[in-house]
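Several structures are given next for inspection.
Next come two complexes built around chain A: one with chain B, the other with chain C.
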Partner chain A sequence: MNGFGGTIVRINLETGGIKRTPTPEKFAREWMGARGFVAKTIYDEVPRDADPLGPENILIMAPGVLTGTFAPAGSKIGFGCISPATNGHADSNMGGHLGAEMKYAGYDMVVFERISPEPVYLYIDDDTIELRSASDYWGMGSLDLEKRMKDDLGEDFQIATIGPAGENGVVFSCITHDFGRQAGRCGVGAVMGSKKLKAIAIRGSKSLPVHDLPTLTKSTCDIIQRTKTHPLMEPWQKYGTALFVGWSNDHGCFPSRNFQTTYHEGWEGISGEKLAEEILVTHKACFGCWINCGKYSRAHIPGKPDVYVEGPEYETIALCGGSCGMTNIHDVAYANYLCDNLGLDTMSGGNTIGFAMECYEKGIITKDDLEGHELRWGNIDDFENIIRMIADRRGIGEVLSYGTKGAAERLGQGTLAFAHQAKGMEFSGYDTRWYSAQLLSYCTSDIGAHHNRSWAITADIQIGQDTPEGKAEVVIYLQHIRPLFDTWCCCRLFWGEVDVTAEEHVDTIRYITGWDVTLEECMKISEKIWNLTRSHYLERNGGPGRRFDVAPARQLEEKVPSGPAEGHRVGIENFEYMLDDYYYNRGWDKNGNPTREVLEILGIPYVADNLEKAGLLGEPFEDGVPEVRGRRLKPKAM
Partner chain B sequence: MKIRVAKENCTGCKLCMQICAIQHYDEINPKKAAIHIDAEFPDPGVYTPKLCVQCGKCMEACPVNAISLVGDAYVIDPETCTDCGICVEVCPFGVMFVHADAPTPIMCDLCMKCTEVCNTGALTVVE
Partner chain C sequence: MIVYLRSGGKLHELLKPDVDQYTRRVETDEGATLVEILGELGIPLAMVAFAFVAGKVQKLGYVPSEGDVITIQSPVAGG
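Moving on to the complex of A and B:
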């Protein structure tokens, strides 16, 4: 099959059994890759009462249709499972070179089932697939282990690892690859750890079949030449995502001190410019990407060893930096390194530690909880102490290892009001009190508050920051188009930043596969996945859906105390208005439950049957599905 | 013409490897490229593109005279080459690459395609 490796692998970690089957073209066409493959497989196979960290959960890794091809930045690979953070569908993707290598070895999806009796790693060298002992590697840091395995196996293996946090089941543990690229969110590293799977090593040398190589080559070469001179190319190459630290502060959406305010005094010390000036070692790209947003850095802090780290990128700066009160780029880079090597997501990790710092400020967490240490804003020693406690799940670290929601439930005392999460997953690095579409994005997301689903800050600006009207439709558009890139498995940046159109990406898929696919068809697939993962969440957690689409009280009720967004908050009425509008625009009922009509239009009537059996199917609309649901393409406001 | 390598500009994206295999084999397979990138991580964090510097040692060593200078580049005649591997062994820079599916060792013929896709100045054409 053109564009794919051709084989799906199932590995029973308990028995060591390895089974290969051809990738069905129907499955590939209908679900396209990573996020689609993962959503469909998990929905169909994982029992609804399976413990996320138990033997019945499965862990999947899957590249997509564009991975490893000559498409612009076809670098991505997705990991999926049931999330220990949200108890719902999880998918998290990474760039780097692992996905391409997996396709060159000939594989489109690996499904890990059950739990290994001993620590193991997966070894793939083209047709050779083995589970090998990882007893010598257990306990090692993610980055340390990648270096060790490169030494042991060869530099040309692509390697993904988990750190001690993943072994210990911290719910925001990540999977790390290429010395700093992560499948960071949803706790996929904890699920990998629960399976006693310490690492994955892949080497592939096969050619990837494509339908029309000359046209594909010409198309990508033309896009390269055209985008080289795009005005945003140079700043992106220079600063990466850290470029936006100043912009976010200027626009009052940068989290400072656990989202207490949205303009961070001293942000200049942790800006992209400061990164480039003081700590940059080299620019670093994912496979097939000429934007090279990756910044590889060295942090120097007197009294600590110098450390190398990829980053810090925007989200890490916002959440380990701003939200933890830091103003020094070396401190942020060091915090980034600690998260990476311990195997923790810098986003949920930084967010959770910012939350803990506010608890310390309020006297809810004390020195006694911290083994005699303090937990002061902006203090890197305190940060290091608490993050090691979290990775080890020692003392208060055990409480915080469940993330902000789990910690707030255990700490009580009103802490949930300033736990910045949705469905158990922490906010990305954007405060939403002046950006209601972004709040709606976070709270309606299938995996929790991650901006990869919908980043609506500029849409808020275009539509009007103070109105709740017109937000739902834009959020739905974004929730379909943005995750589509995680399904195709190319980076969103070319579309989002240097004007490569979604249509051009679809053209690329046509050249690669020979399918007569359209953007409209792809958007429908994305909507299908969205409805599937929503239904899956409800089937696991009960209904109605609306009761899970909840915003933190601070975002709704507390006015921003300083900076450009001073005086703003979303307000409960506005939020409820947006939810009503959102469900209507999706063709769901007022409770936020998907309806049979929509699920049938999307080609997944069996999901409606399942919802009906569970008593979770949305009430039908009297006059049929609202016409607005079909309006899938770009709203005017975009 | 030659290719100038500025390794400090290399970001490890492998576009050069992809276009090289497309140009010479009509295949998507960076492992079949005449250019490879060494990555030294985590310390010191350096990428080094490696490709033929046109020193000619391979031509001197070839027992069947399959390698000759054509224009500025040494090239292998696949009809004559017996794939004995001696050129790979004698290459002082380790830039004669081998792939199981390639009929001969793979070496740079200065087609310059890699310089066209490189967006960082790591690979440029010099007269």
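Moving on to the complex of A and C:
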């Protein structure tokens, strides 16, 4: 099959059994890879009552149709499972080089089943697949281990690791690769740790079969030539995503002190300009990318060892920086390093520590809980103490290891109101009180609050920041187009920033696979995946769906107290209006449950059957599915 | 005075390039700030995150000189 490695591997970690089967072309065409492969496989295979950290959950890694090809930055690989943070479908992807290497070894998906009796790592060297002992590696930091394994196995192996947090089951643990690329969200690292799988090492030397190499080569060369001179290339290469800290702050969406306000005093000290000026060592790129948006940095803090880290990127600056009250870029880079090496998502990690800092400020967490330490805004020593407690699940760190929602449920005292999460996963680095479409995006997301599912900030600006009208249709469009790149497995930056169109990406898929595929078909696949993961969430957690699309009280009820967004809030009425509009536009019923008509249109009638059996199928519309369902309302700017 | 504004991505449609695919030639008064120039073109200021001139980031209060080539960048989701 063109464009794919050709083999799916199943590994029973309990018995050590390894089974290879050919990748069915029908499966590949219908689900395209990564996010699609994950969604379909975990829906079909994981029992609805399986404990996310138990033996019945599975962990999947899968590149996509564009991984390892000539597509711009076809670098991505997806990981998936049932999330211990949300108890729903999880998928999280990373750039770097692992995905391409896996396809060059000949594999499209690896499914890890059950739990190993001892710590192991997966070793793949083309046709050789082995589980090897990781007893010597257990307990090591993610970054330290990657270096060690490259020393042990060879520089040409691509390595993915978990840190101590993943071993210990912290629900926002990540999987790390390439010294700073993470499958960061949904707690995929905790699931990997629960299986006693410490690392993955892959070396591949095969080539990918391609349908039309001359046309693919010409098309790619044209894209390279065109984008090399694109005006936005230079700023991206020089600064990366960190440069948007200033804008976010100026426009009232930058989280400061656990989202207490949205303008961060001292932001200049953690800006992209400051990063480039003070800590940048070199630029770094993923496989097949010529933007080089990655920034490799050195943090220097007197009294601490100098550390090197990829980043910090915008989200890390917003959440480990602004939300934790930091004003020094060295401190943020050091916090980034701590998260990376301990194996924690910087976004949920920073968000959770900001939450804990507010609890400390309010006297809900005390020095007694912190082994005698404090937990002050902007204090890197306090940050280091608490993040190590979380990774080890010591004392109050055990409570916080469940993330903001889990911690708030355990702490009580009204803390849920300022836990910035949806469905158990923490907000990305944008306050939404002046950006209602972004709040709708977070709260309706299938995996919990994550900007990569739908980033609607600029759509909010174009439509009108305070109005709830017209938001739902745009959010749905974004929820289909943005995760499509996680299905194809290439970076969104070429599409969003340097004008490589979605249609051009589809052309590339055609040249590679020979499939007569269209963007419309891909959008329908994306919508199908969204309905599948939504239904899966309901089948696991009950219904109605509306019960789970809930916003934090602070975002709904509290007005922003200062800065450019002062006085703004979304308000319950506006939020409920947007939810009604959203369900209608999706063709779901008013309770937020998918309807049989929509699931059948999308080619997944068995999902309707399952929902019906569980009493969760949406009520049918009297006059059929609303005409607006599936309409692609593309905002001028995304 | 003539300056050149360049962009792509989200701002492409708002900028309406006329010199080449990414560039718009703008005639403006000497001393005008970028805020004023963008305002005259009808580009919402909130849609411009920063300007980039001769390899350096500039805020929107920047006062261009004759012949400046100014790249403008829209806000973007972080990584």
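By our rule, the second predicted complex is superposed on the first by the 633 of 638 C-alpha atoms of A that agree within 3 Å, B and C clash if a C-alpha of one lies under 4 Å from a C-alpha of the other, contacts with A are read in each partner's own complex, and residues count from 1 in each chain.
One rule holds in what follows: contacts are C-beta pairs under 8 Å (C-beta built on N, C-alpha and C of every residue); 3 or more make two chains touch, one makes a residue touch a chain.
Just so it is clear, the model here is predicted, and its values are computed rather than measured.
Contact with neither chain B nor chain C is seen for A:383 once the two complexes are overlaid on the shared chain. Legend: residue contacts after superposition of the two complexes on their common chain; A:314 is shown touching chain C, with no touch to chain B.
Using the contact criterion defined above for the overlaid structures, shared-chain residue A:37 touches neither chain B nor chain C, since it reaches no partner. Look at A:537: by the touch rule set out above, it reaches neither chain B nor chain C.
Judged by the touch definition given at the top, the superposed model places A:247 against chain C, while chain B stays out of reach. The residues of chain A lying in touch with chain B in their complex are 68-70, 97, 100, 104, 143, 147, 155, 178-179, 204-208, 210, 213, 217, 221, 224-225, 228, 233, 237, 281-290, 292, 294, 296, 298, 308. Note for the complex: chain C touches chain A at residues 6-14, 22-23, 44, 46-47, 49-50, 52, 55, 57, 59, 71, 73-79. Taken in their complex, chain A has these residues touching chain C: 230-232, 234-235, 238-241, 243-244, 246-248, 251, 272-273, 293, 313-315, 317-318, 428-429, 451-452, 455, 457-458, 461-462, 496-499, 636-638. Touching chain A in their complex are the following residues of chain B: 8-9, 11-15, 18-19, 21-22, 25-32, 38-39, 41-47, 99-101, 116-120.
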